[in-house]
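Next come two complexes built around subunit A: one with subunit B, the other with subunit C.
For the complex of A and B:
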């Protein structure tokens, strides 16, 4: 009887350990930045222009035709990290007849970033996001006061296309949340990643 | 000639009357989503936005009396341009900036409330005997100051920080025995609610309570924003003694009401929780719909 009890406890402990290792593998194991198949040493600047990028508050989508970014990246402590230090936004507009975009500005830069793996896929996680938007238009309900968008963003990295894709499913996978006040914002964007300094024209991958 | 002149005067008078009628109608002729703004003072100088805030839930705790909000309360009117984020309110054109909506006080005049877990029948009998037209008491929130002392900060409302809505109010207690002028708070000593959607800052030893900024949704092509499920809270306000209760017998009745409610109360011993839906639009948008 005692042997049976010990057996049950042992099995439970082993099952717990096995489950623990599964969870660890699915959510930790931070990937690193690689150029031409070799892990990045030192720092590198990558930059690009979003192929398309828009933010949606229920009922209104704000799109910027020119959405540039500059991110400094490095591998630190075995994990890919970085910071977005520039994010100029141009030619922004909404899909509503009442509201124009008078001004839009990335604030509180730099925004720290790090790589993470979720369900064996690499993601770029951006923290400390703050974008101030001033809407215009005599009939726009949110005119006159700057509307701050704050939170985090998680984008899926693709080694094939060398880009990061941000959408509702990548936010859900990474637990990222971008909000205007208490209202969740949906951010859709595809950002190519390309080295601009020491590793220019080398293929960028995340592993 | 006299007859002709008289006819002209009559025609002119009829025209003026018709025009006046049209103008009166246009001040309250919005339909659909825009009907909420029928009493926004859109022609008044300084008004740039209209607000319609509907409180359909929550509670007001005054001393040891808890009054759930079961009948919808409306706050409506115009808003000024913001100064440091704060907009000042303009009175609604129908005079009901804050609707005078009576809320039944559980237990009525005698304050007898059955425990929460009492059988349904006990609760119904209790309400029948103690909350009827004779012993029942209604509490009605009223503005204690002119509308321009109501202030709104829509960014604080959305971002759950600081004061979102400053509301100077008084509570009108109504019952045949209490007379028509039984109030807690007055224009000279209002209950000042600095409502927040964030976390309150009550005095030491009192538990803070948290609000919620609600969820924004644009409607009507961006011309109307609706903030749903916002929860405004405040538990850092004090209340004076009751006044004017019982008419000429107020010197006798006021102390009884004070004893029943536990007045006066220091800050931290009262609470206001307003569960609201807030609609905002510019005057230009309201006028064009």
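For the complex of A and C:
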């Protein structure tokens, strides 16, 4: 009986400690950028490079065979922040034979970014996104109009693969929205990421 | 960087950096991060606040060197500040960087030729069976905002995203719409507006999805600075071309019908 009571008390203490750690984690500040396990001081440039990233307007998907971003990152006020200052897109095309991509460019750069935690997972949140797309093709329903894609994007960061993943579920988790007018746009892409300035060839993590 | 212009400063530096890591040229030879060792490609707009060598900046020369940016991880320069000792093992496949030129924005001629989709168009109730030829075949409710001042009339088109028999298929075309309106109720043809000939050969609206698969339609609203004086039964393809040339702003909304 006494042993059982001690066991119950011990279990309660352990449960309390476990809950405490959970609450501590939940209440922790926004994640920070780390290199080789140490919080970044100063600024660093990182490159995200996706193969075959796509944006889907309902009914039509525009894919860029290579989709890069250059982001300057820093930890400021205990939180990871940054800005995307370049976003070159390569070899873009649609899945509709009638529509070609005549022109596409990122506008209104730089786009501010910050790290956030949702359900204990780290996300990269991008604001102020604007991509202008001009579709061509005499039989293209979206042709001959410059189509602006505007809004925000949220991507899940993985320390295991040093990559950022953008898809419908990461947008949903972060509340991010990309639109053409009032029409939602879906953005899919996995961006392996590397530093190339002061922390080149150091492991990048978000904690 | 000027808004709207993509430069390859930072990307170029990255490409050069990564390429050198692959080739081994960067291993212990460069004096600072971001330098290329050979000085053939570096530069760095975004790295302006960091030490960098005086190598020339040539974006076209730095499209990842020969394109095969990195095929294997290689130790880089560990002498630079902030570097940690030990070999870094990449946790993802090598970055694959493109070899060609990036896509560009619209040329000046294109900008002058095409309108921008800045009018906000909404199909508030989406598309239902009532909006198809399996139901009442009435046009859906549609609303719009941000029509520029000075607009003489609006033209509205509904088109299937997928061409039919290789042709752009118009389900609905309406011209001469009062620019002071901001919405149309289901099936409404406002006073003064004229209907064009749809893909089914009728002067009116008709939306007939081919099967049970989801079909997406684009609804566009053109703000026209001058009236196009369209006549009933007008050719929507020709009028859309006219509208594209004449208007500076247009609105787009996609709506999907799931049969």
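Everything below uses one rule, namely that the second predicted complex is superposed on the first by the 179 of 207 C-alpha atoms of A that agree within 3 Å, B and C clash if a C-alpha of one lies under 4 Å from a C-alpha of the other, contacts with A are read in each partner's own complex, and residues count from 1 in each chain.
Please note the rule applied: contacts are C-beta pairs under 8 Å (C-beta built on N, C-alpha and C of every residue); 3 or more make two chains touch, one makes a residue touch a chain.
Model, not experiment: these values are computed from the prediction.
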Subunit A as common anchor, with subunit B and subunit C clashing or fitting: clash
Greater residue coverage of subunit A in the superposed arrangement, subunit B or subunit C: C
Partner chain in contact with A:196 - subunit B first, subunit C second, else both or neither: second
First, second, both or neither for A:140, with subunit B first and subunit C second: both
Which superposed partner A:186 touches (first subunit B, second subunit C, both, neither): neither
First, second, both or neither for A:127, with subunit B first and subunit C second: neither
Touched partner set for A:57, first subunit B, second subunit C, both or neither: both
Touching partner for A:74 - first (subunit B), second (subunit C), both, neither: neither
Contacts of A:98 with subunit B and subunit C, given as first, second, both or neither: both
Clash-bearing segment of subunit C, relative to subunit B, as chosen among 43-51, 61-69 or 169-177: 169-177
Doubly contacted residues of subunit A, that is, touched by subunit B and again by subunit C: 57-60, 96, 98, 138-142, 144-148, 180-183
Residues of subunit C defined as touching subunit A within the complex: 1, 3-11, 13-14, 17-18, 21, 33-34, 45-47, 49-50, 73, 75-77, 80-84, 88-93, 95-98, 100-107, 110-111, 113-122, 159-163, 166-168, 215-218, 220, 241, 244, 250-256
Subunit A - residues contacting subunit B, complex: 57-60, 94, 96-99, 135, 137-148, 180-184
Subunit A partner contacts - residues on subunit B that touch it in the complex: 48, 81-82, 85, 154-155, 157-160, 197, 212-225, 280-282, 284-285, 288
For the subunit A and subunit C complex, residues of the former touching the latter: 35-36, 38, 42-43, 45, 47, 49, 51, 57-60, 64-66, 68, 70, 72, 85-92, 96, 98, 101-110, 132, 134, 138-142, 144-148, 159-163, 180-183, 192-194, 196-203
